[in-house]
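Each of the two complexes below includes chain A, the first together with chain B, the second together with chain C.
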Partner chain A sequence: MFTKKNLISALLAISALNLSLASNAAFALSAEEQKGLDISMEAKKRDLGWQDSTADMVMLLRNQQGQESIREIKMKSLEVLDDGDKSLTIFNKPRDVKGTAFLSFSHPVDADEQWLFLPALKRVKRISSRNKSGPFMGSEFAFEDLSSFEVEKYSYKYLGVEELNGLTNFKVEQYPVDENSGYTRRIVWLDTLEYRIHKIDFYDRKDSLLKTLTFSGYKQYLAKHWRADIQEMINHQNGKSTELKWSNYNFKTGLNDSDFNRNSLKRAR
Partner chain B sequence: MRDKLYNFVGKNPFWVILVCITFAIIAGMGAQKLEFKSDYRVFFSEENPQLTAFESMQKVYAKSDNVSFVVVPKDGNVFTAEHLAALKALTKESWQVPYSTRVDSVTNFQYTYAEEDDMIVEDLVMSTGNLTNDKLDKIKNIAISEPLLVNKIISKTGHVSVVNVTVQLPGVDPMAETPEVAASVRAIKAQFLADHPEVDVYLSGMIMMNTSFGEASINDGTTLIPLMFLVVIITIGLLLRTITGTIATVLVIIMSIVTTMGLAGWLGFYLTGPSSSAPTMILTLAVADCIHILTSMFYEMRQGADKRTAIARSIKINLQPIFLTSITTAIGFLSMNFSDSPPFRDLGNLVAIGVMLAFVFSVTIFPALLTVLPVRVKVQSEGKKDIMAKLADFVIAKRKVLLPLTSVLIIASIMFIPNNELNDDFVKYFDETVPYRAATDFMQDNLSGMMVVEISVKTGKSSGINDPKYLRSVSDFSDWLRERPETDHVNTITDTLKRLNKNMHADDPSWYKLPDSQEMSAQYLLLYEMSLPYGLDLNNQLDVDKSASKIVVTFKNMTSNELIHIEGEMIAWFAQHAPQYEVDFASPSLMFAHIGQRNIISMLIGTTLALILISILLGVALKSWRFGLISLLPNLAPAAIGFGIWGLYSGQVGLGLSVVIGMTLGIVVDDTVHFLSKYLHARRDKNANPKEAVHYAFDNVGRALWITTFVLVAGFTVLAQSSFKMNADMGFLTALTIFIALIVDFLFLPPLLMLLDKEKATQSVDEVVETPIKKSIEAA
Partner chain C sequence: MSLSFKKSLNKSSSKKLTGSLIGMAVGASLLLSNPLFASEGASDVEFEASSNLAIEQRYFFKEALYPEQLSHSQTSLSIETELYWQWNGGNDSIIFTPFYRVDSQDSQRTHGDIRELAYVHASDDWELRVGFRKEFWGVTEFQHLVDVINQTDGVEDFDGEDKLGQQMVNLSVVNDWGIVDVFLLPGFRERTYAGAEGRLRGPLVVDEENVSYESSAGQQHLDVALRWAHSVGDFDLGAYWFHGTNREAYLTPATQNTLQQYYAQMDQLGVDVQATLGDWLWKFEGIHRSTSLEDFWATQAGFEYSFIGVFESNIDLGLLMEHSWDSRGEVALGAQGSLMQNDLFLGARLAFNDMQSSELLMGIGSDLDHNAFSFLIEANRRFGDNVIVSVDVRLLQSNDENDLLYTLSNDDHAQLSLALYF
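On to the complex of A and B.
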């Protein structure tokens, strides 16, 4: 039996559904929006089926003064078909964070679930924060720049084609759905051949150009999945930059859900 | 040569006018290139050590130009649902400010707390829809007990709060960026006030200060310069009673200013607060040349000479003294090149150029104009000359009283010089009518002062800041600072670490202490950094390698000396307690605190050099080393008395006033030159005794001296009305010094001459010939 409260919320849900259907019909996607969405769906589709992967990452941070700093991280990821991917990040350097492990269940629209194991405290802590826009380990990458790409995270607009790195590229504008995102939009260049991302421009909340991310050294794994060896992020506003170097990519290593839970955090390495 | 000059001008007046005006127009076109630099950094030369330290610190950490919205609810309580909702809206809107990189407010403060094994990081004020009184109380308690917020973002009692916007100007077009930010911030403020009539908003911060530099100068340009022209027109019109003379003078002044500013543009100068007062100063100084020429010319015409002859004679008589006084004035202003602060060097150079141009125009286009324009002389009573004669009689009669009396007054004033103390408080560069000053005063009364010092404590080791020993030192230092009565706020990473440690132990207050291992601290920071939103990261406190952290201290208002003293104590603290770390201190406050001292020292060198040069010139001009030396006394006394009186009146000496001695030296010397040259003329050429020579000097230049002094004092008094206090104080002290110079030249110098020149007088001047000479002088 429905309580009054439940009834109201059910009614609300139905009317909301109606509204969204109506709005979909009323504001059908324009041709540019549809094409932008299609390209993004195709890009996601072409990379499906990697199941799981592991890789090593070196982060090189530079400030305007020319000072440099290095971070070393191991990343394990698990493909989740009907939701955001799961990822396990294990920190190796600097030495004082060695063994710290970060588990994240990303969700396309809802807040991610995240846990952190702190070896110094010998405890796993669940972190409740909607913030994904802050700098990752003090770098110019935000956590949202590193998390898995899900079609639902953005709305789209196709801007045209442009030559880049000797390839014809689609230029697609993406608008984050999450209001906690640090960006108003991103412009993404994907080559028309393989749908690999070559460049992303990030626009901050006041819509001025904040950062540019470029990808280079693409390699194909399992004759299907393209991964870039190098990602370079340049912050135009503060003059700092961060370079990511990926190595030891492995796919279908046999990881499963049991490697991505609270208990697995403590033994992760 | 003196004859040839006017021969040419008199024969070809139209050509001279044409050439001069063409020159002025071509030069003047450069004025389009002149731009105003609205940035406090212009006050510092590139090699200034405090600026260098500050800039390198800005490169390591994030840059820290800012705008503060000071939000004051009229009901005196920030913590109501309405006001918090308003603050939240303002915080969001602030992200739209151009070049903004960070916005800090009560509502977006990243509040961390524990729930069992969960660590929650969220905005202190999430939604304002259903805030109960309990929730409001909770938010208030968290805010006013958070060391990061209290006194900086929220007042202790919760009646005022600040939304602080950090901006990172790209520096591509500095002239446009600051105004762009200011315009955006003002628009946000206007909209906010329209939406929320129940609050007041003030705007403060570095950007608003920079904006005020520009705006105060533009204000001055539109009010002070017209006012000054009015003073000139009235003075010349009333005192010399000539319309064409006034027109010609105004034209010479305009041409001098336009040409100078135009040349400045061509030469790549830019305008700043101090150098924008150059037009007013040139205006004032250019008048004197014209007055001397007009006075002599009218004198000749009244004596029956026709206009051309009168002009020719006037030029002949005045060319040398005007040239000499222009040169000495220029030297005085050029001494400002020794200043450590580029705007004052620019001011000195601009005025020096202007004064020399004014001299050139006064002896070319000015006589040409007078030749072409109709000039009539009204027969006027010579009553005014009687006043000078009476003054001369008075001074001669009472010389035995005047000399000791004036000497005592001079010495008494000089004794107050030590009352002055060095103080460059950049907030006080503006008077209370400037909104920035009002906002900042309000902030000082209700939140915290504007004296900020940034301290970078460096370990030189990667991850060095996580070392418990390091954190202990930084925490102890912060505690030591907080115990000082002058400290308003300390921002330090150790507070964040203590809070995180508490959060990690289920919010147990006994865990509000530093983590006890390197790993723990590093892992807390890793966790915390991953949970922060865009723009609220730790990059403004930690360097990229985590080898250094930055402490930011806000002090109550204090003088430069006090701040330098505290800087010394902070250095001593580290030397005693943590000598292993390299520590840098930097901030705009420190830059301004040190510049006064640096500037005074370099200006003393400059002024001494100017004094030597001017004395040599005087010695040559007066053809006597003895009188050159005697002239030092009336030349130096005015500035000394001026600073003595300033010591009684205000006692705060900053960048603006440290250049006054050099500047006034060149101007006050003119009076002495005119007086002494006439005195010596009477002594040497007319064989007068000292008393008669004094009388002769009074009769001949007394009037011209008081008229030029009147114009100069009026001009610098007009400058003293500037809302830019640096210019206003400079104007006031200069006016005072020039006025004192006249008094010294009238009341102190003559009795001194009569005393020192006595023995020689009895030797060289015979009692017998005294009467015929006196008669011949009176006849002249």
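On to the complex of A and C.
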């Protein structure tokens, strides 16, 4: 076993490593890179000011044999303007995980802070946020597919325009900055009218097409914020799919910081 | 996951208290279901009920070591229901969680408890919680050293993770510099121990009737606790002071076959720290306990490291290592002291991340001062939407007659359980 002194020096070494990784050098961008960045910044900007939101989500997991399994989840989110957003995820189904809740403080560059509440033991456990590429609740969504979009998480390249769902779409390639991402790149289709995402192609670490996510049933809330009712993720490599249905979207419900701490995590419903 | 292998070797139960608790809880639930009561602000009262019914089959590989013990097979059935009401947009709530187990062999294991019967009021920066509740403290996996509020429901399982509901008034205040919790704990719960027929106990049976207390107030002593907890960047920190009845009884022989329980008063200081650094979780728990009989320090420290997506699959592998230390050192069997004075624990956890949430845990515990090992495998998987099937195998080995594990050396067993959630 280690002694306390060893532990401390190990901790110092690891935090020094984190610091060196965090310092980014600035590069001159090509025209395509600049346009890709501009489109992504515009998409983020158009959705600013939602303050907080609550919504219910049902996930329908399907395997190749057509077997289905359901996940029922409630989400509360808080917009944080000078940092990443905060969110509280509450699990209702499967019934064996009912009452489990997940608190996340996301950060654009630094590691996210995440806590899990385990109802059987009434235990709050701080967990590692390194797991970006792993499946969320056995679904075809990875943790990183569900985390809030922050401009700093990718570098960009504009690929042109393309017709999709009867709308003209920008096609932008995104390269994850985080080395723990499960993807080499994503190709995102956003309509030129409202900057809503209609489709994302995900390429795995070997750069072959892994998954396609499509968005449908867009609704506008508070005359500003567009949200899709349905997201369908298809995994091309294993033939499985996950359909994600959103309902009961509410914005500006009055949530604040005190709804996103250890105490609120423990009594989340 | 807990592999607290050598805890709660001698078990009994306090049925009288449990009986009166159930009476209270049934009364309260009748009151709550009364339409007159519910009509006050009924418009926004939300109600939820959920239950878990489990059947468990244990098989002990060897014949019993002590005459009265069950021979090989032990079957049991348990049910836990959670009833939950909230109003005021969730700022006020009542929770009621009764639990009952019926055991085919061990009459002490047939028992019930009010896991929770509590009212919680939440304001922006404070919460008041009143009633029977569970409160968990700590960061480590193989031993829960700093976790002190709730009494262990020792007959439930080998790992000591099951707890009895504790009556409390708890004020929790959120500050920029951390969360402060004040606990007033009126009333003490005696630990539950295996009866004469039960396995996983030492040669002497703990007598549930032969209980004495250092405090003249006995079970009515008002215990108090004060805790601070905070997250600073990668560090999660906690510290507390507890003053009241020691949850661990001093067990001494009363007759040739039985042990008596003596609950002393204690003051305990505790610290828990977790550093979450990338794939590493570094964990430390430490306590200093002072009773009229002894003063000692104990620590539990170690790490957990995660490999995400091993073998180019969706499987995550977690590796754990923890060490237990206790200033009282090695003690003779029957003397007071720690069972984990210099023990090393290794664990591995495989999470398959599939639709069925399949998981496999393995753990080895070893006493470094003498030749004693314990080994554990747990596997579980969901079948359909509502059934979890678990298989556990626990092997205990010691060549040293002085070791507590030696008294359990015939208690290697496998356990199959089916839990239905509805």
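The criterion applied here is as follows: the second predicted complex is superposed on the first by the 241 of 269 C-alpha atoms of A that agree within 3 Å, B and C clash if a C-alpha of one lies under 4 Å from a C-alpha of the other, contacts with A are read in each partner's own complex, and residues count from 1 in each chain.
Basically, contacts are C-beta pairs under 8 Å (C-beta built on N, C-alpha and C of every residue); 3 or more make two chains touch, one makes a residue touch a chain.
What you are looking at is a predicted structure, and each value in this text was computed from that prediction instead of being measured.
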Worksheet item: Superposed on chain A, are chain B and chain C clashing or fitting side by side?
Response: clash
Worksheet item: Touch check for A:202: first (chain B), second (chain C), both, or neither?
Response: neither
Practice prompt. Pick one for A:237: touches chain B only (first), chain C only (second), both, or neither.
Written response: first
Worksheet item: So, does A:122 touch the first partner chain B, the second partner chain C, both, or neither?
Response: second
Item to complete: Report for A:133: first if it touches chain B alone, second if chain C alone, otherwise both or neither.
Response: both
Fill in: Partner chain in contact with A:251 - chain B first, chain C second, else both or neither
neither
Discussion item. For A:64 in the superposed arrangement: first (chain B), second (chain C), both or neither?
Written reply: first
Practice prompt. Would you check which partner chain A:95 touches, where first means chain B only, second means chain C only, and both and neither mean what they say?
Written response: both
Item to complete: For A:189, decide between first (touching chain B), second (touching chain C), both and neither.
Response: neither
Fill in: Selected from 459-467, 621-629 or 729-737: the stretch of chain B that, after superposition, runs into chain C
459-467
Worksheet, complete the sentence: Going through chain A, the residues touched by chain B and also by chain C turn out to be 61, 63, 67, 69, 94-97, 121, 123-131, 133-135, 137-138, 180, 182
Item to complete: Note which residues of chain B are touching chain A in the complex, please.
Response: 56, 59-60, 62-63, 95-101, 110, 115, 117-122, 168, 170, 462-463, 466, 504, 515, 517-524, 526-527, 529-539, 542-546
Worksheet entry | chain A residues within the chain C interface of the complex | 1, 7, 10-11, 14-15, 18, 61, 63, 67, 69-70, 93-99, 111, 113, 121-131, 133-135, 137-138, 180, 182, 256, 258, 261-264, 267, 269
Practice prompt. In the complex, go through chain C and note every residue touching chain A.
Written response: 48, 50, 52, 82, 84, 86, 90, 93, 120, 122, 124-125, 127, 134-136, 138-139, 161, 172, 174, 179, 229, 231, 234, 236, 274-282, 284, 301-302, 306, 308-309, 314, 316, 321, 323, 344, 353-357, 382, 385-386, 388, 419, 421-422
Worksheet entry | In the complex with chain B, residue positions of chain A that touch it | 61-65, 67-69, 91, 94-97, 100, 102, 116, 118-121, 123-131, 133-138, 142-143, 180, 182, 204-206, 208, 237-238, 240
